[in-house]
Amino acid sequence: MIRYFFLFVGLLFSLPVFAQTRTEVNFPDIPGYKTLKCDFHMHTVFSDGDVWPTVRVQEAWQEGLDAIAITDHIEYRPHAQNIEIEADHNRAFEIAEPLANQMGMILIAGSEITRKMPPGHLNALFVTNANLLERDSWWEACVEARDQGAFVFWDHPGWDDQQPDTVKWYQEHTRLLNAGILKGIEVYNGHDFYPEALKWAEEKRLTIMCNSGLHAPESMDYTNGEHRPMTLVFATEKSKGAIKQALKDRRTVAYFDEQLVGDKQYLGPLFFGSIQIENDGIGLENHQIKKLQVHNSSDVDFQLKQRQPSVGFSCPDEVVLKAHKTVFIDLEGTSDEVKNMDQLRLFYGVTNLTMLTGKPLPVNIDIANH
Amino acid sequence: MIRYFFLFVGLLFSLPVFAQTRTEVNFPDIPGYKTLKCDFHMHTVFSDGDVWPTVRVQEAWQEGLDAIAITDHIEYRPHAQNIEIEADHNRAFEIAEPLANQMGMILIAGSEITRKMPPGHLNALFVTNANLLERDSWWEACVEARDQGAFVFWDHPGWDDQQPDTVKWYQEHTRLLNAGILKGIEVYNGHDFYPEALKWAEEKRLTIMCNSGLHAPESMDYTNGEHRPMTLVFATEKSKGAIKQALKDRRTVAYFDEQLVGDKQYLGPLFFGSIQIENDGIGLENHQIKKLQVHNSSDVDFQLKQRQPSVGFSCPDEVVLKAHKTVFIDLEGTSDEVKNMDQLRLFYGVTNLTMLTGKPLPVNIDIANH
Amino acid sequence: MIRYFFLFVGLLFSLPVFAQTRTEVNFPDIPGYKTLKCDFHMHTVFSDGDVWPTVRVQEAWQEGLDAIAITDHIEYRPHAQNIEIEADHNRAFEIAEPLANQMGMILIAGSEITRKMPPGHLNALFVTNANLLERDSWWEACVEARDQGAFVFWDHPGWDDQQPDTVKWYQEHTRLLNAGILKGIEVYNGHDFYPEALKWAEEKRLTIMCNSGLHAPESMDYTNGEHRPMTLVFATEKSKGAIKQALKDRRTVAYFDEQLVGDKQYLGPLFFGSIQIENDGIGLENHQIKKLQVHNSSDVDFQLKQRQPSVGFSCPDEVVLKAHKTVFIDLEGTSDEVKNMDQLRLFYGVTNLTMLTGKPLPVNIDIANH
Amino acid sequence: MIRYFFLFVGLLFSLPVFAQTRTEVNFPDIPGYKTLKCDFHMHTVFSDGDVWPTVRVQEAWQEGLDAIAITDHIEYRPHAQNIEIEADHNRAFEIAEPLANQMGMILIAGSEITRKMPPGHLNALFVTNANLLERDSWWEACVEARDQGAFVFWDHPGWDDQQPDTVKWYQEHTRLLNAGILKGIEVYNGHDFYPEALKWAEEKRLTIMCNSGLHAPESMDYTNGEHRPMTLVFATEKSKGAIKQALKDRRTVAYFDEQLVGDKQYLGPLFFGSIQIENDGIGLENHQIKKLQVHNSSDVDFQLKQRQPSVGFSCPDEVVLKAHKTVFIDLEGTSDEVKNMDQLRLFYGVTNLTMLTGKPLPVNIDIANH
């Protein structure tokens, strides 16, 4: 078979491009930071993924992401029989980058260092030359990543194939941590949550990561309007540098299913930035029922459960603040003093907003009583 | 860079497979034939497509297809810088076939002979060795396809890039037709319908084809529950041989958007096999209104428009038989004789079921009047 | 204010009627019986409901029901200030019946005997004159219902307002049972399931009932595509008489949420009538994986859980047969003998098909192994 | 039959109330005014509607409305046989008002003066005593409405039943106009648009009204997520008084299907308040393509069609700014000067935003070119 490229120079290939639409992911910015939606783990045909690198950019734009990293495996390339094996490990990034720039997406160069447990799989973000990560020794690969200034995190630490029975922290991970190489950990990958990883993130001060790890086209793994997992990054601006700094500073929250998991200093502003009390004041008296109207402008249903009784009135034990909806919370006056109280306070926990401690975020909702 | 394949033999890669579901496409079988849902035109990374060949099988299974052909371009392989260029033209088929067999999908070997107009692009199905289609002369490529027993059809004959101003039949197409090579024609490709192609299909006795011509992941081109275009093939059984025979015998109907286009000998049974009158009889008398209940078990809304008045009663000028729903058709007695009529006949045309002549399928709906 | 009726005779009021569509509820008929979809408990403005009686017929037709009973409260008519209080208790039925006949819906005359606990609320179906149920004594009202040939069942036996702490069977219920008056019991009403009622249905041979008890327009209580609860009735034909006989013979299954609850003699045929194995045979050998394709044509996702291991092969511990979808069940040969077995048997329980005993329906799925 | 009310005093009727959710209607406020979503025409069982008055409040709250008027017919009460006929014409309002107050909805007292054509049907809003509108003479009824300070508008002026062949303005309407009684006109009612009414609104300076005219439960007339028609009212605050003033001042826009119809002084701010350019600047040069990203936060897809070519670059002839989505507009540099232009201007018309003249709203979209 001969090598050829364009047999017929005259061919024009402007196949019709159908209108693409982007569905924004709705979370508020928080004081001092933009809330960027990111996915730092995915594959293409250049390792064991099923799509061309540009597809990862298009998917991510359509799904409302701000930044992604393509992180093909260094050591596992099952398509090597079919893909140009001389293709170097930077190729997927180079193919996707022009499209990312045109679409206003941030594309971060990355690689997955793919080893047996320990240490298992590690993603290196912001690598400058992925080819240099191809080493016999996993330790040398990790050192190389660090020397390139990469941000390194442990992928799916509880993955069944590598930790079928227990989820264990090995001395190799301690070594990586002590060497200043290991900086983050996936508490969620694909469709799986790892509670142990959350505990380690708190104890060892690792950055919380939450990624898809996609191999198939996105719509095959997340169907029926289900959103892909993402890492919310609180950055000073939408730029690679600001994301890198935010990851180093542990300014992230995991967003998967109907859950947000992270430090309460970020969860609180996300919650209060999302809800709006529609009443000007409530003017509650004893033996009255007044309806508090609360709107939730975020994409997540907030599941409220009462932590402690309110003074002077009762309110429902459980409330769901539906995403993009307004709902009622009925307040019923239970004492004569209530009419003299300037402010009413409701004590809830948000059971699907989980702090590093594993506990629900406590929130106090105040409403003027005039 | 060294050539390697599995650097670490011990790696296990059974990434979790999420449950896949298939949504059946609902059309009835017709007397003597199974109604197979097929798409005979699509691409992979082995030409200018964006997905690995196995994705085409998975997509098609999920979307309710029975058979597909992967038809990568012979003469246009823009990924050749990145894909192993020694990979021969049969490679995509070979990669996808084991999965197709496991999933019970029929995968047909195909190629797109990709030339300037005339003759433009031609798909060859049931090729035995795609590599032999790589010729300098398009004529020789077509003769080779025929000699391999391939079924050859003209792709997107009115494609803007090749026929921007008019849609023209060239003498080269006559030559292909006379040589017994050209057997079919796409009346629909991607998102475009070609009325001229429908006329030629009738005049020149070509088989009607209706295909996606996918490059991107399917869900990027057909969004919001929109179905991909498909060729309905009326075959004696679900097998490659029966499909090939059906294509030769012109037993197809094009299904795109909310349209069915083809020979009335197939449209009629599709329509009447899809609807069910729920009333046992109607018992209509003058000055009465009785409600005919009609269920449509197919995936298409049937748009009815009255062709001529009924005898003894009136009925709506327009009715939509919604897909998978039951609706009413109100009959109103307008003469005293109606109560003595054994049978009532409604005269409609189905405006979205188009015959080869370009006209709506006429249907007479009869209902016993007891 | 003067009494008037039509002040201006010439007024024409044919306000446009928009096309209504009916969404069928999909369950198979079972051997010997049609599977009728029924709701035997709902209210109108003639007691404490919010809609005109005709709305109940229109809603029910649109939602795929075959038969309903309007069962306004005898003793509770809070709209009496506003509704013509001389209106007798048969009025709602009389208003709705002509529309029901025109639409082919079965409308059953009913009343809710509405008393304090015990005996609480009781629905009487097939009453001939509801006005005669208006008695001081609940016992006399019940005897009157029986004397009219009514089918009487206990409504929402565990209703919080009447049984807040426990769900208790009173001696009054024993009295009704022994007198041949009490024949059925709601195991589900509105949005609540009463497990105690299921136990009583088995012990005391009461007919299982599952009803909405609607007051608001249906779409306010069952939102986002959620179906209303219904009683599946296995009747020899679609007629009032056949429904009455089926209720007496306890030929019913409760259908609510994604649950079916009833006697296994009905659950089994419902399950096996809903699923279809797509493979002709499987031809499994040791160390092979073969994919069984199973289609579920019913409206309910069937949740399968393995009861015991199969011989010669393994299969998934859990499978969801999605409603109106086809899914795979992977079978993996685990012994050399499997290739010689004529038939493979899978042992599952359907965790959302609950028998009178409260246990999941066991099902054995057989597949020819050629 | 005896008159009774509560036969059993001890009955508790706190039937479970299921959580209601409100879906906000998304349009921006405009400078100086709040954008209130209103429906000023609907019926209850107190005339020929199918629901209890409270249902109208609940529906409207759920559907994101701020204010409604219940406008039962004065002269047409077909349920009078069944409804307490002594009930006066203020009764529906009195029943619904406490719930409206509790839910924070504005409920406006109204009546439909229901006469043969001419003058046909007229709605009177803000009536103080509907009973006084019950007159033999339509003129006297209208004068009474005016004397109560009511805002009177002509309902469905092109209604088939009253104007089957032509849509005609009668001298009676001129009389009402000249007397300062007729102030508004429905350009849309139910599912019908009346272009003649739009013309009259402009010529005669009538306020544009757009209402549902509901009789059935709302979800029966507007299915599959279709929104009900509404009158957008630009009011200084959310209050009855501010709405009344806004209606007098003709500060309204009709919102039906995917259309907004009204004065350009309101359409313009609605459009520009809904869209957001995501790019900081575009930096376009000749022979380049740059992607403008535009987000539309309103509920309406904006259909753009180019009015005239831009200077220095080309852009698509047609663009759809999908509701709640972000889309691209590709700009292609076509002259060398473009790189020196500080600002790029796109000239579009919004074909589904219709001015009083019946023409599409022209919009110029400017983007900094750095």
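The letters A, B, C and D name the chains in turn, as written, and every chain counts its residues from 1.
By definition in this document, contacts are C-beta pairs under 8 Å (C-beta built on N, C-alpha and C of every residue); 3 or more make two chains touch, one makes a residue touch a chain.
Keep in mind that this is a model prediction, so the values were computed, not measured.
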Tell me the fewest steps from chain B to chain D, where a step is a jump to a chain it touches.
2
Any idea whether A-D or C-D has more C-beta pairs in contact?
C-D
Where the CA atoms of chain C average out and where those of chain D average out, how many Å apart are those spots?
40
Send over the residues of chain C in touch with two or more other chains.
20
Chain D partner, complex, touching residues on chain C are 1-3, 5-8, 10-16, 18, 20, 45-46, 48-52, 54-55, 58-59, 62, 75-88, 91, 95, 114-116, 131, 134, 160-162, 190-192, 215-217, 219-221, 223
For the chain C and chain B complex, residues of the former touching the latter
19-24, 102-104, 278-279, 289-291, 293, 295, 320, 322, 324-328
